[in-house]
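So that we are looking at the same thing, I have put the structure below in structure tokens.
Note that the chains are named A, B, C and D in the order they appear, and that numbering of residues resets to 1 at the start of each chain.
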Amino acid sequence: MVKVEFLGPIGKSPIEVDASTLAELAEILKKDAEVAKWLENSAVAVNDTLVESLEMKLNSGDRVSLLPPVCGG
Amino acid sequence: MVKVEFLGPIGKSPIEVDASTLAELAEILKKDAEVAKWLENSAVAVNDTLVESLEMKLNSGDRVSLLPPVCGG
Amino acid sequence: MVLIYKGPIDVDSLLSRWYGAEHNRNYGAMVTFVGTVREENGIEALSFDIYRPLLEKWFEEWKRKLEKEGALLAMAHSEGDVPVHTSSFACAIFSPKRRVALKMLEAFVEDFKANAPIWKYDVVEGKRIYAAERSTPMAGSGLLAKGK
Amino acid sequence: MVLIYKGPIDVDSLLSRWYGAEHNRNYGAMVTFVGTVREENGIEALSFDIYRPLLEKWFEEWKRKLEKEGALLAMAHSEGDVPVHTSSFACAIFSPKRRVALKMLEAFVEDFKANAPIWKYDVVEGKRIYAAERSTPMAGSGLLAKGK
């Protein structure tokens, strides 16, 4: 199982899902209306490292974070 | 008479000279060895306004300042 | 390490602390940036969420970049509510050379705005409203919207 | 008006004074630059001469330029001896917009170096030596070397 957390304004509690790649996770999240609208403009981190490829393998216990548009300062 | 003051590192006391234009003043200062070497890289102010033309008329009581290369900060 | 304040930054003591720690280490230039909450659109405050693990990584990368230029970077940010006319962000760069400090301050602050994992909310009548229009998708955003 | 210090600037109280006077006037960004005397070439201190009337004119022109952008400029400089690891120059820009503050800080500091009527001396074994090689002729220099 992979833990998915939704940062900042997404305002949703973490969920646990069964996915072995980011591409699989993407398909699962697209079906969640609350989350789907954030996918287009959110960055993705796996275990606190920003990632850029959907092919990335996920292992049980991995933590995936969705980071919506930012504005510090 | 015009008062000429020498700022910063020129380190010379002010002098009074008889000159009716900056061009005339330039000829006088070129004859002063102590001052001549500073003319090439000094800016000139008349009554605390920087000037750019040798044709400028000088009136009795005017104050001319020589400003050698600067380095603040 | 990024200094995180709960609420507004105490700017006087922060700048004094930074200057005090570094002025005798032979840096010729200190530049600082302080961001203060403006009164506009009827807000009472801004409020911030921070994702600390990634903020720390992002900051340490910038710190290393500046170290290569012989310069030192320090940063503080607020979490939670920051009332109008108080400050939520501060940073300082110490450098032997003034040009490095001036160039890097601008580059750092612009990248901070675009990529530091911090979320901003307007606080109006006690309610937090995400500042969506002023926010920027981080580099690499939209990955999970791709695919089939 | 430029604040002139006899000897080193008290940076803590100066920055605190500037921030304190302006943070509640709805400027979103404060940027500051502080110049500190580096220990190099065996100097004990730097020393400065200032020609105040022209410094004031030069500064007021910059102040007006920044006011057109909605920004506020403040500056302090030392006269006389400033020991190694103490500070001789400070400035601050307050602006509603961060980009104006960042751009203008760089432009102001560079023009300050090139055109503010201030002369610098190294102090070595109590003697003042004009820093000729690090100095820049002001705009328009050489006028009196022209002619016949």
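Things worth noting here:
To be clear about the criterion, a contact is a pair of C-beta atoms (placed from the backbone, for glycine too) under 8 Å apart; a residue touches a chain by one contact, two chains touch by 3 or more.
Computed from a prediction, not measured in an experiment: that's the story for all the values here.
Both subunit A and subunit D are touched by C.
Inter-chain centre distance (subunit A to subunit B, centres taken as mean C-alpha positions): 72 Å. Put simply, the C-alpha centre of subunit B and that of subunit D have 25 angstrom between them.
One simple way to say how far apart two chains are is to compare their mean CA positions; for subunit C and subunit D this gives 26 Å. Shared interface positions of subunit D, i.e. residues touching 2 or more other chains, are given as 35, 98, 109.
Counting only residues that touch two or more partner chains, subunit A has 73. In summary, the structure contains touching chain pairs A-C, B-D, C-D.
Partner subunit D is touched in their complex by these residues of subunit B: 7-9, 22-23, 25-27, 29-30, 39-45, 48-54, 65-73. Those residues of subunit D whose C-beta lies close enough to touch subunit B in the complex are 35, 48-49, 51, 53-54, 57, 77, 88-89, 109, 112-121, 130-132, 134-148. Of all residues in subunit C, those touching subunit D in their complex are 11-12, 15-16, 19-20, 23-24, 26-40, 85-87, 96, 98, 101-103, 105-106, 109, 113.
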